[in-house]
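Both complexes shown next keep chain A, but they swap its partner, so chain B is in the first and chain C is in the second.
On to the complex of A and B.
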């Protein structure tokens, strides 16, 4: 198959592939945006147990989590215009990109909603009670107390999702969208150097995934700064502190603020 | 003055509070005692509506709320008149000690940040944590966290502070420092309702002791009377069991 392997092609393909990086990143960014909005809308009925909407959310989540993204792409690209034709909306001229972002967005949204639900549920109930007890209103307690802590819990999951999404976008070429994978195939077809094209492609995906992971890790550290791990030196100090404190407290009578040990 | 009238609460068929009446005068320290499951924590949580009572009336100062038809706005008003210190501290984990104290001042009382900061520093000094202003709760011991919790409650200048077993989750050697702080603020004439198992504390600090069992107030009175001369058989039993050191002969 194709021409004999020549590594110089790998290098010459890199800039050509990178010229379509913008398309891939547009799919990722657009889908994330749609996904976050959809995720919130779908998570809310489940968090607040709103009767009918809750059932809708569950069907939505099962569908997008339970079917392959490739099938979803085909269903949306070929099926949605047909359905909308019935209500006289013509989508035949809509750019492919719209369908791609919509499908990836809704797909990601299903996973996002589960992430949001799990993170919000994971925040200690006592935190909300403390906020209410000091006289905060519902939205203040959610925005100021629950959300920041939920975000910190969500970041590692979110990070995985972004990387999964990035790699999933490589299927958009099946609808004829000229993103990076599509470009690699075209380059392979023209030059017959398929392996080199895919090597260059894999390298680019790897670098982007790696960079995204590092960036999100940094965000996680920042959001989690309240859970500072203690240094060994500090721990030793604390043990001593406790010992001496124990001795002092034991010497004070309980009615003077000491404690029976 | 806090007045609870005919407060009742049940979860399904399980009746937790049976028509409780309780009056707490201004500046008074009321300690609620009782075996676990007697409803004392539920009663305390009803005062600021963390538990929704099924019926009755709650009055804090001149603000009255009919529990059955309390609106969101009324509950919010009611909560602004009290503050709570929790068994599990419940400090905001993503905020430092000083931010925890400032939070209510800035968000609920709408105080300018600089002013709130000064006030918070003064309060943290008062509870002996002047050197821990910027520590996160995860960096503080249980006793230190609870003292921040007390500073946070004081900051709001509520008409009453509700203490829900403030020392039950602490290591024995940390109980003293927290009780010492509560004693100190009790002397300043702040109205408090305290649910606790610390008998020594109840005896020394309370002006009024309430003994609850199975959702009713069995007996109440000044500590000298309730501890040394209980009228009800149930109270005698309880006190005997919880202060066993009186019966030990070594």
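On to the complex of A and C.
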């Protein structure tokens, strides 16, 4: 199958693949944006236990976590125009990118809402009570006390979600979008050097996810500054231990997969 | 194109025939992945000289790249390797005689192994070190202590993550269509394009996957309740 393996192709493919990096990153950034908005909208009813909306959120989360992203992509790509046609909105000319970002956004939103809920509930209830006792209002307590602490808790999970999203974007080629994986396939088809093309592709994904992970780890360290334990001698040991354990737990994507209805 | 609700049921019935393939891919990749993961996790926990570095590189590579690239690399790379090897050894074995589904089995097992190794490692690390020491102090050997004391507790801790991995592999098995294995997703594509009813077919496929996922969650919950019996706390 294909031409004999030739090292030099891997290097010549790298710049060609990198030319489509922008498309992949656009999908990641766009869906993160959609995902954060959707995640908050879905998490709030669950956090404040709003009767009917709560059930809605649960079904939403269960659906997006319970079905494969590939199926969701096809479902939205083919289904959304038909549903919107019933209310006389014509989407048949909308670019594929819109559907891709929307699907990945809503998919990420489900995981994002679970992340938000978990990190907010992980903040000690006493913190909010102390804030109230000092005379803070509801939104003040949330913005100044709960949010910064919840952020620090959420970062490792968030970091994994971004990397999972990056890897999931490799499926967008199934809708004919020319992102990195699609480009690698085209390059392989033209030159018949498939292995080299996919090796170059894997290398680029590896470098990006590695960089993202390191960047977000730095963000986490910064956000964890406030956690100063009792004595300086125990500090180095304890915090590191706790941090590294949390990282392992977050590393296995406990938030990925699962439906929990 | 109009939405045809009755076709959803027709597609659903049609897709049922592909459920065994999906479940088989999932079961094989989870089982083989668990074995690989166990080896990789132990190599890293016990810091076995060369093995632990290999395991770390393996886990980093697999977790940093999409599952699709693993499948494509195996699909295009393995035949080349196998053919070169069999030519050298004179086996007379041709890579073209490997059934397509084996590419999915091999590649998904490799993917699952990396994720599983992290699940197993975190589960083992979560067991208190004192448990192992207590087992030693009553005269157990390392193997006995691991088998009777550490493994059951580690399993209980990592059960939710294991179930997530299984669900992840179930969802990942949809990629098998790229190597022309007819799983639920591929069957949905076939049904969709022959009847020109894309939305209905994928809706049926989504329903099946949703059902399977909920089933796995339910089963996990039952096993979890059973397995955590020792850990109840309280007085009675």
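Just so it is clear, the second predicted complex is superposed on the first by the 227 of 261 C-alpha atoms of A that agree within 3 Å, B and C clash if a C-alpha of one lies under 4 Å from a C-alpha of the other, contacts with A are read in each partner's own complex, and residues count from 1 in each chain.
Everything that follows uses one rule, which is that a contact is a pair of C-beta atoms (placed from the backbone, for glycine too) under 8 Å apart; a residue touches a chain by one contact, two chains touch by 3 or more.
Just so we're clear, the structure is a prediction, and the values are computed from it rather than from any experiment.
J.: In the superposed arrangement, which partner chain does A:127 touch: chain B (first), chain C (second), both, or neither?
T.: Touch partner of A:127: chain B, not chain C.
J.: Between chain B (first) and chain C (second), which, if any, makes contact with A:74: first, second, both or neither?
T.: second
J.: Quick check for you: in the superposed arrangement, does A:135 touch first (chain B), second (chain C), both or neither?
T.: The first partner, chain B, only.
J.: Tell me which touches more residues of chain A here: chain C or chain B.
T.: Greater contact footprint in residues on chain A: C.
J.: I'd like to know which partner A:167 touches here: chain B for first, chain C for second, both or neither.
T.: Touch status of A:167: second partner only.
J.: Touching A:209 in the superposition: chain B (first), chain C (second), both, neither?
T.: second
J.: Look at A:59 in the shared chain and tell me whether it touches chain B only, chain C only, both, or neither; answer first, second, both or neither.
T.: In the superposed model, A:59 contacts neither chain B nor chain C.
J.: With the two complexes superposed on chain A, say which partner A:144 touches: chain B (first), chain C (second), both, or neither.
T.: Touch partner of A:144: chain B, not chain C.
J.: Would you mind listing the overlap between the chain B footprint and the chain C footprint on chain A?
T.: After superposing on chain A, chain A residues 245, 249, 252, 254, 257-261 contact both chain B and chain C.
J.: Give the list of chain C residues in touch with chain A in this complex.
T.: It is residues 1-3, 60-61, 63-70, 72-73, 76-77, 79-80, 115, 118-119, 121-122, 125-126, 160-161, 163-168, 170-172, 174-175, 185, 188-189, 192, 198-199, 202-203, 205-206, 209-210, 213-214, 217 of chain C that touch chain A.
J.: Using the touch rule from the top, collect the residues of chain A that touch chain B in their complex.
T.: So the residues of chain A in touch with chain B come to 124, 126-127, 129-137, 140, 144-145, 148-149, 152, 223, 225-228, 230, 238, 242, 245-246, 249-250, 252, 254-255, 257-261.
J.: Within the complex, which stretch of chain B touches chain A?
T.: 48, 50, 76, 79-80, 82-84, 86, 88, 90-96, 103-104, 107-108, 136-139, 141, 152-153, 156, 162, 172-173, 175-177, 179-180, 183, 200, 204
J.: Which of the residues in chain A come into contact with chain C in the complex?
T.: 1-2, 5, 62-63, 65-72, 74-75, 78-79, 82-83, 163, 167-168, 170-171, 181, 188, 194-195, 198-199, 201-202, 205-206, 209-210, 245, 248-249, 251-254, 256-261
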